[in-house]
Structures are given as C-alpha cells and as structure tokens.
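My structure is below; once you've seen it, I'll send some questions.
Chain lettering (A, B and C) follows the sequence in which the chains are written, and residue indices restart at 1 in each chain.
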Amino acid sequence: MAGINETLSVVHHFGEGAAVAAFGAAGALVAVRRQMDVVGILMLSAVTALGGGIVRDVISGTTPPYAFRDMHLLAIAVAAGFLVFLWNPPARLTAWPLDIADAIGLGLFAVTGTILAHDAGLSTPGAALLGMTSAIGGGVIRDVLSGSVPSVLRPGEHLYAIPALLCASAVSLLVRYADYQEWMGMICAAAAIALRLASLRFGWHGPQPRYARRGDTTT
Amino acid sequence: MAGINETLSVVHHFGEGAAVAAFGAAGALVAVRRQMDVVGILMLSAVTALGGGIVRDVISGTTPPYAFRDMHLLAIAVAAGFLVFLWNPPARLTAWPLDIADAIGLGLFAVTGTILAHDAGLSTPGAALLGMTSAIGGGVIRDVLSGSVPSVLRPGEHLYAIPALLCASAVSLLVRYADYQEWMGMICAAAAIALRLASLRFGWHGPQPRYARRGDTTT
Amino acid sequence: MAGINETLSVVHHFGEGAAVAAFGAAGALVAVRRQMDVVGILMLSAVTALGGGIVRDVISGTTPPYAFRDMHLLAIAVAAGFLVFLWNPPARLTAWPLDIADAIGLGLFAVTGTILAHDAGLSTPGAALLGMTSAIGGGVIRDVLSGSVPSVLRPGEHLYAIPALLCASAVSLLVRYADYQEWMGMICAAAAIALRLASLRFGWHGPQPRYARRGDTTT
C-alpha cells in the first residue's frame, strides 16, 4: 500500500501542477478572446490558476496564502499563459482540450482544497464547502475580471459546481470518518471529472424554475 | 430588564435568521430574473446572505468565518433560495415584500456586524465601518456576480448605505460609551429599516454633482 | 544621512497621503462619469484608495487591515472624493492631472506595499507580488464595482502593472539583500512613475498575441 500511496502522491503533486497549468491556460484563452495584451494574458492566467487557492487560504486563515509563499505554482500558471500567448491556437483546436484540462483542474482542486481546509481546522461540511469554493473560485474571479457573469452561474452552462461539491463532500467525509488515503481522493477527483465531462457530452443541466421556462422573466 | 433582554435575544437570533432568509430570497430572485438554473439560484442565495458576514470576518481576522463554522445560516439561505426556485412568484408579487425583507436584513446585519467587529477588537469608527460593510457586502457581491453595477452605487437607487452607516455608527458609539443592551441595537436597526423604507416610499436620493445634472457627462 | 532620511520619511508620509488622495480622486471621477450620487462617489473614492491596502493586509494576515485601524487614510480619501463632488471639474481639465496623480499613487503604493509585505514575513518574490497587488488592487476593485473590465487588463491601456511590478521587485531585492533606505524606495517609486507616464506619453503597450492582430478573435 505504501508503494501505491507513494506513486499516488507523485500523481497528486503532478496533478496539482497539471491543474494549475490547465486553469492558467483557460485564463489565458479567455484573455486572448478579449484581445488583451501579454500583461493581461499573464495576469488572468495567474488569477485563474491561483485565485481559488488564495480565497481558500484567506478564508481558512492560512496567511500568507500558499501562492504567495511558494512561487512554483505561479511559475507554472504564468508559463501556461505564456505558451498560449506564443502559440495562440485557433479556438476550434482548444475547445475540447481546454474543457478536459479545466475538468481535471476542477476535480483535483476540489480534493486538495478540501484536505487543506481540514488541516486548517474546518468542520466536515465547512471543509467541503471551502473545497468547492477553491475549485470554482479561480474561474469566478477570471470571469468577473474579464467582464462576464461567472460561467458557474450562467444558465446555458453544464454541471460545474455540483461535481465539485459532490467530490469535496465525499473527500471531507472520508477524511473525518474513514482512514483517508490518497487513492480515495484520486477516485473522487476522477468521478468529478467524469461527471463534469459527461454533463458536457450529454448536455446535462440543472433544472430551471418554471417561471423562466414560461418566458415571462424580466431582465 | 433581564426578561426583556432575554426576549430581545430571542428576537435578535430570530432576526439574524430572518435577515439571512431575506437576503437569500433577494439573491434567488435576482438569479431567477437572470434565468439561472437551480445551481445558480442557490449559489446566489448563499453568497448574498453570507457574503457580507464572510467579508466582515475575513477583515476582522476571525477565520474561518462564522458561515464556514456553523451551517445553520447556510441552510436558511439555501432553503430561502429553494423556496423561490419552487414557488417562483411573479415579480409584481415580490417587489414590496422583498424590499421590506431586504431592509430588515440591512438593519439587523448593521447591528450584528458592528457588535462582532467590536468583539474582534476594532476601534469605534473601524467597527462602524465594518458593520456597514457587512450589511451592504452581500448585496454588492450578488450584483457583481450577476453582472451589474452594485445597487448601492447606482444613481437611481434610494438611500441604502446611509441608513446602514448611521445605524452602525450609533451601535458602535453605544458599545463604546454606554452600557449597550440588546434593545438599543433593536432600536437602531428599526431606525435604519424605517429610514430605508421611507427613502423608498418618498423617493429620497443622495445629491448628485452639478456636472451630472448638466448632462455633459461621458460614459 | 540621517537628515536626508528624516526629510525623506516626511516625504514618504506626505506621499502616502498624496497617493491616497490621488486614488480617491480617481475613484470619484469614475463615479461622476457613471452619474452616481454623493454616496456612490464617496464609496468609490474610499474603495479605490483603500482597497489595495485592504487586500494586501488580508493576504498578509495583518488583520484588521490598516485602513480599519487608522481613519486618517479614509478621511483623506473621502475628502478627495468630496472635493470632486463639490467642484466637479470638466473631464478635459482632469485628464492629465489625474494621470499624474494616479501614477504617483501607483509608484508609492508599490513601495509601501512591498515593505509592509516584508514586515509581515513574506518571501522576497512574495513581497514583490503583494506590493504590485496593493498598487493595482484599488483600481481593479474600482473598475469591477463600476461595471467595467479592470483598466490594468484592457488591451488599449498603457503600461500599468509592469512599472508596479518592476518597482516592487527592486524594493523587495533591496530590502532583502541591501541596507534599504527610504531614499532608495523613493528612487524606485520615481522610476515607476516615470515609466508609467512615459508609456502614456509615447503610447507604449505590451505586445498582443499574433492571433488577436490577425483579427479572427471571437468575443
């Protein structure tokens, strides 16, 4: 088991970097679509990749946040943004790789956020809530800064917060009531990623209120 | 007096819950108008009801914030949002109940925010400022996330920040220089609620600069 | 040298106040252009002038933030906002004084933010990052609250984050590896101000990606 967990710890660390790179690339692609220059692109990369973790650390009282203590994650995020700036792929090439990368980031951040929230002393539901917040927070900040309603709130969007919340809740319960192992977190992350990608593939949505469907809403 | 204060403490606790429910319903109604699905509705409920308190606790250094330690407030906010989702009242039915509920939330949050800021060690003006921030913060976050300029800043809006600031200042002075009792806070909250509702009823506005009235503004 | 440093300390303190006044006036002018009333104008003044410092203190764990402990800065910011409200200068008169004032605020906040971040125990790159954040943070919050994409991210904008980051990095290195004196910070601030103003004067921009120049972007 130790061997498996060591392997998984490597996967986990690699996964954290991959999640940051994916979120950084997602931020940079939004910036490119808004025709920002290199400064805007790199800043939106950094904020998207690190924003969720900064919010998590500020809320749990772990200051200064991890992103201000260890520059590795910033370097990865900025590098991902710079690659997008240099290569600048056409949108049709990036749509599905980006969706997959973003889903991977979502699942992995939900797991690591929940565990870090537990380590900071939060209760079981509090840690699940903060884990979800850290998974979706970077994207929310990205969308607010680029002038749009956060995609997690937009009606046309697919399941995003729900996979993150389910994953964070499962991890939080496992940490509290079971002998949490890294492979359990990996399974939770994989389930969240699968649920997110399935909702994209099969067009799953949260239900809308009757009112909105009747079409007599006011904006 | 003890009997009165015990009664008022119950009123206070009931009031805190009522304020959270009112703000939660207000957030949900904004979400419905933006045609969000159930996830967006519940998230905007939670953020509107708990956002001001989370900002207050993060600024005063009380981490993790109360909303992440005790899930009662989250449950109330989400329940209020879910009721809006299920019932989905037409806008004409919700306009004035919502204004009243929102005013009640504003007054009560200004009182409790100021007292909690004092307990966290802030100075008299600092606590008043933070009390106002916690009263208006949830609505500001709600409006930013739903893609509009916060209503507290919009020119056509009625008095909102001023009642909250006056109420928070009075409570802050009473806590510092008098023997603060719960009934005093209730009177301050009632005055803020009355001022807010009177400004809606009689169309009171803050003064605008001459320039804007001349109409030669640029946007 | 002591005499020079005492003089510079006075300049520094005067400069902090000047920076807050400049940012406060900048916030008020944005509010006037959005036709806000006096409440909106004063709130946007306060948030623009103090927001960067509040974010800096929350991230570095210095709670409650300086702006909630000492009301001098708030008084300066609100006074600057009130003057804008009373006088209400036409836009053509305020364009270049405001640019200069904003540049001064940017440079001075980058220096003081970096030093305060060091005092709070951040690492050399972390302090530089937080110094830049505190210099640009108030403007970002101002733009988000007034419903526009932050100017620091907008493509048509000139160098803004880069002068702040260079200045904060230089100060951070000087604090760590040299015998930092106030006059060094003043030189760094002056260089950042000069770079900002030169970018405005000569139309310097960060490079945009090829893709955006080709014009086949989607928004």
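Rule of thumb we're sticking to: a contact is a pair of C-beta atoms (placed from the backbone, for glycine too) under 8 Å apart; a residue touches a chain by one contact, two chains touch by 3 or more.
Note that the structure is predicted; figures quoted are calculated from it, not measured.
Common neighbours of chain A and chain B under the contact rule above are C.
Relative orientation of chain B with respect to chain C corresponds to a rotation of 120°, obtained by superposing CA atoms and rounded to a multiple of 5. If you average the Cα atoms of chain A and of chain C, the two centres end up 30 Å apart. Shared interface positions of chain B, i.e. residues touching 2 or more other chains, are given as 58, 61, 144. Touching chain B in their complex are the following residues of chain A: 58-61, 120-123, 125-126, 129-130, 140, 144, 148-150, 152-155, 159-162, 205-212, 216-219.
Those residues of chain A whose C-beta lies close enough to touch chain C in the complex are 31-41, 43-44, 54, 58, 61, 63-65, 68-69, 71, 74, 84-86, 88, 90-91, 144-147.
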